[in-house]
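Okay, structure first, notes after.
Order of writing sets the labels: A, B, C and D. Residues in every chain begin at 1.
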Amino acid sequence: MRANVFRLSMAHPGDLSALDRLIADGLVRAEEIVAVIGKTEGNGGVNDFTRGYFTQSLMALLSHHLGEPADSLVKRIPCVLSGGTEGVLSPHFVVLSRTGTPLAAPAAAPALAIGTAMSAPVAAEHIGRMAHVRSVAAAVRMAMDEAHIASAADVHFVQVKCPCITSARADSATAQGKTVVSSDPNRSMAAARAAGAFGVALALNEIKEGDVNDMELLQDFRIYSTRASISSGIEVDANEVIVLGNSRFWSGHLQIAHRPMNDALDIGAVVGMLSDLGIDAAPQVTAEDRARLQAVFVKCEPDRRGRIRGHRHTMLDDTDINAQRHIRGALGGLVAGVIGDSRIFVSGGAEHQGPDGGGLIAAIAHRADNGGSSCAS
Amino acid sequence: MRANVFRLSMAHPGDLSALDRLIADGLVRAEEIVAVIGKTEGNGGVNDFTRGYFTQSLMALLSHHLGEPADSLVKRIPCVLSGGTEGVLSPHFVVLSRTGTPLAAPAAAPALAIGTAMSAPVAAEHIGRMAHVRSVAAAVRMAMDEAHIASAADVHFVQVKCPCITSARADSATAQGKTVVSSDPNRSMAAARAAGAFGVALALNEIKEGDVNDMELLQDFRIYSTRASISSGIEVDANEVIVLGNSRFWSGHLQIAHRPMNDALDIGAVVGMLSDLGIDAAPQVTAEDRARLQAVFVKCEPDRRGRIRGHRHTMLDDTDINAQRHIRGALGGLVAGVIGDSRIFVSGGAEHQGPDGGGLIAAIAHRADNGGSSCAS
Amino acid sequence: MRANVFRLSMAHPGDLSALDRLIADGLVRAEEIVAVIGKTEGNGGVNDFTRGYFTQSLMALLSHHLGEPADSLVKRIPCVLSGGTEGVLSPHFVVLSRTGTPLAAPAAAPALAIGTAMSAPVAAEHIGRMAHVRSVAAAVRMAMDEAHIASAADVHFVQVKCPCITSARADSATAQGKTVVSSDPNRSMAAARAAGAFGVALALNEIKEGDVNDMELLQDFRIYSTRASISSGIEVDANEVIVLGNSRFWSGHLQIAHRPMNDALDIGAVVGMLSDLGIDAAPQVTAEDRARLQAVFVKCEPDRRGRIRGHRHTMLDDTDINAQRHIRGALGGLVAGVIGDSRIFVSGGAEHQGPDGGGLIAAIAHRADNGGSSCAS
Amino acid sequence: MRANVFRLSMAHPGDLSALDRLIADGLVRAEEIVAVIGKTEGNGGVNDFTRGYFTQSLMALLSHHLGEPADSLVKRIPCVLSGGTEGVLSPHFVVLSRTGTPLAAPAAAPALAIGTAMSAPVAAEHIGRMAHVRSVAAAVRMAMDEAHIASAADVHFVQVKCPCITSARADSATAQGKTVVSSDPNRSMAAARAAGAFGVALALNEIKEGDVNDMELLQDFRIYSTRASISSGIEVDANEVIVLGNSRFWSGHLQIAHRPMNDALDIGAVVGMLSDLGIDAAPQVTAEDRARLQAVFVKCEPDRRGRIRGHRHTMLDDTDINAQRHIRGALGGLVAGVIGDSRIFVSGGAEHQGPDGGGLIAAIAHRADNGGSSCAS
């Protein structure tokens, strides 16, 4: 079993021509694609339709190649998009594919492993609460199993897309005498992200079930996962999970690493994560090493307390630019500067996903002993 | 003669309380203040009134302490503000003051030297053209003389505020049969910045007068100054110039350095500039060295060609967020991450100020042998 | 006793030159100014500094003319500003002044009456609650008394600026074992506006004290005042109240009228309010009648339910433009079109200020029998 | 021959469910659809992808029903979208369909007539110049012929989508030694809209060919069409034209009317246009008459001179909100208020489309003698 990663650019959110070309040229096999993670040039908010546009275009393309209806594909292949390419960030998407069967015996060196899972639908009254946490945790464990990752320590990045509570779902739950965590969509999205993060933390043994409860979601920010990247949206009713880790049952030359980021200025985490992949940044990754990097993922958050290392920031009080747009632009500038490449997936809304006021970073790279030259992207 | 630099925070654009306190405590003498450079939390555009608000508040404060009318102060003390604290950037201002007389004989080591100058008013028909270039160059040379900086090589940062062409000025010039470079305020501001940059380049021998002409302003971006930081606004009719350099005729423990930035990802320039000041960033400046840094200035620009190192950026086509806001946020994130401090002056509109698509960085720091501990700010 | 109203334009938020000129020409006496209501070109949000800039400039001007410190003036003369001149709206301010003494006996026809009052400071734990409601009601009654308006039916517009709960105030209250309605500044501002509206409704007998309680603030939007216009800000710790009505104890040729607006399309309310002033709009006010109008005030709100007369609007889900900016622009377009003048005070945040999803409109005009020709503005 | 008009709402830019339902129910026949004009909830700028998303979704739907490839449909059925539902505006689209054959003899009363045409591709060097003007004029005349509209006086609204000059097209033209009107996409779009407006004016005899030349495009704003609504985009290389008028060769109960708007406050034009359709607005259209209205189209423009009836507006200097968004919100508020319905197509960029600083309004309505009850939408 071998994972492949293709990082592709787009001219606009409906532009899948790069993937179409790779499939036409036989470099990517459509049936091997298991997940897509991308950065589109919308605003990243409720009215960001670049995500829907990209998803519709992607599923139409795959449907054309696979002869499977788009409706079915969208339930099978997680496509997680973060809107907003603020500052230097470049619109791009990462195609994750999988081929072959697990090794009969563990290899000497681990390689990138990918697992995906879809949970059962989450009822509106459970969203953003402990039942939701457990549902995410179960799905993460399923995806780990599918990926043949035995130990939580080998998981480096878990991307989850959680359902949130729409007005319709809230009304329906209320009519049945149930209560929902919030009928405000933005709040329920935050609660869902928090539950997703707790779910990942639970599955990865970062917390124990008895240790946490409903009350700590969005309250106690000392509780977090260092490997969870959660989004929430009205377009799903179940949790979609992508687990990325390293496993000795996979072959290939890719590896993944991650580090928590303590705050928005934590360049040390960026450099540390790169060093875990055998990549030096002094101060910038060399062109040769840069070619080894296949994908970079960042979660971040404007510090809730209005200060970064004692100095006031203005992100939270800005009526003109959304705070998440501000922080994505700043982290994008920092990470792109260290790496020398602006194709960075930077996503906001990092509640309980890394240290409070910070977040996390992960990257996939070719091993040093087998450089980027053979890489399709 | 000795330069002092105070970097102060503000709670809002009319908040001068930090300076008021320093003056009340005798740590700053109002009569020694020669210039202020600051970063206010506006949008940085035509309708950014945080600059006017700050200036009004500053001049009222100084007027109160000095008994000199604000109208007179505003013509004597350059106050250059860049609006926009995107991302992690923290609103702050840098007060530059000067005390004593030049050393009789040059000292062993150079120290920070500050000179200011105001040109004669620039007629509307000259703005953004070679006559404007020469006017700026003359003012820069005057400020160098005032600062006792003999060699252009010792100048590290020149901040200029240039007049632009208002509708009224354009009409008046046209009525006299003169033509103006553009009657569109945004275009005339860009032309004025370009002329300012050429003027600095001329004064610093980066270009020779015969080598350039009107046609190359905003056209040939291979021509630039590595030390010019130009703003343009309707509130001035003459060029206001602040020259910062190192001189053996000054005492004190401050020094300044600069580097051009090749593009928005040029972390090497940041680290290189710091190393010129004897400061290591591996990957971040240490707390001890950070205390030595008194001010950091950055000029930057969204690449006109729509790409950074081959990858598309979306800054120039964004109808929601102004391109200069995007790039300031990205560079702010990068530089603040390297330094570990978010009080960075980052200004856009860098035409001919550093390499095309890039810009420049400068910083003032205490010398290593006499750390930041004695510094008032 | 006679009220005068001057509607003045500004070139930017620090531009008080129009008022300065009127004072210099003897057309306005600075000591007679009792209140200012204005529309500045900021974003109307937390980071709108055009309000502070205008206030600082106004108080400096009045201080210069009156020889009274600005600190004292700001506590004596309510200056209520709404940021945001979206769409066609033109930045302007309305100066309200008062001269003479009350008539000994009521006149045949009522004339515009102005009263102002400042409440005692409102403790953080009371803001947005019934104690706050009662505090506003008491201040409104004081202002009515001062204005010699005996009957609530004669009050047509009450502008109140309420304190909100800053982090510092919240912390201080919490430290004393008190609870606050919310520590989120935006929520406490909404709660304060709601309490202000309830306070006005109470003073004007639109509701009875026993009829309402804490729980209905921001919950039961069937409860509202048709004459309350409330703003809330961190810059005040007491309620500042301006009452505008008609009284037979005042002389002069000005009158005021108002109407509630049922929704954002309620052109009937605009035309009805004008007809109360003897002004016809068929479909637009004539130039002659337009000259009689001295000030127009509008409160409005993006419908919470996401629809206007059954059709979806997109204001509440827009990450790029704040919902209040959207609705101000739309109402500004409508009212300016009916009146034929874009100097309209349009303010958002209309919780409990007029019908849910709507708001209210009020205007001051010269009586028909004594046209606008003698009017200073 | 009979025209049908269906005004449909959408939940998001990819939501064509309302049309799908009408087709499924047999109320609309997919093969009769000749054009779509819609208002999507994007920002209306270069990076507004809601237009592409809607178009892709529409063409996929029609392709599904007609068995014709989407690529072919997009070249055959003009789909003109204006992004931006500022203020009260509601996202919606108007489907224009046509059935039957022309009447053998002219009827007593004219009815709505629809014609469409596609020009030949316009070369980059011609865009925004007189050759482009002539190309549009020819296509308008073709569409008039197709619609059996003999007299220009019977044309009431002409929607044109023009190509603009992309970087690629500019480079290609330059390589062949040709010059383009501008290589700045925003400028070439404005030039293309101006050429489109001149083209319509020429076809409708509002101007004569000898009377105008290249120099007057975007210069002499006294030249305009009162019936042209032009958009420009990179997605087309030919002019797409939709002509709407009244003709005695068509049957049915629909009619169209239009009026120029003199400025952004011209409510008289709105009311006048309605009266042309036999609809009274005093001040608002009654519910009964409102049901007769099938579509309302508005073009508008922030006044270039910075003032509306002598009072300063702030639209052109706003760095936070694009000027076209401002003006659409204001006009949307005004027109929706008069009509009592927020489904108004309001489009900016009205160069030479109506009086300078104003624009135009048109509407389609059922005749009074045959009310809205039979209308499918």
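As a convention for this text, a residue touches a chain if its C-beta (ideal position, glycine included) is under 8 Å from a C-beta of that chain, and two chains touch if they have at least 3 such contacts.
Values in this document were obtained by computation on a predicted structure and should not be read as measured data.
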item: Steps in the shortest chain-to-chain touch route ending at chain D and beginning at chain A; value: 1
item: Pair with more cross-chain C-beta pairs in contact, given B-C and C-D; value: C-D
item: Centroid distance [mean C-alpha coordinates] between chain D and chain C, Å; value: 40
item: Chain centre separation (chain A, chain C; CA means) in Å; value: 47
item: In chain C, residues with contacts to at least two other chains; value: 41, 43, 47, 314, 320, 325
item: Residues on chain C engaged by chain B in the complex (per definition of touch); value: 12-14, 41-42, 47, 49-50, 52-53, 56-57, 60, 320
item: Chain C-facing residues of chain D, complex; value: 9, 11, 41, 43, 85-92, 264-268, 270-271, 281-284, 308-309, 311-315, 320-321, 325-327, 329-334, 336-338, 340-343
item: Residues of chain A that touch chain C when the two form their complex; value: 43-48, 314, 317-320, 322, 325
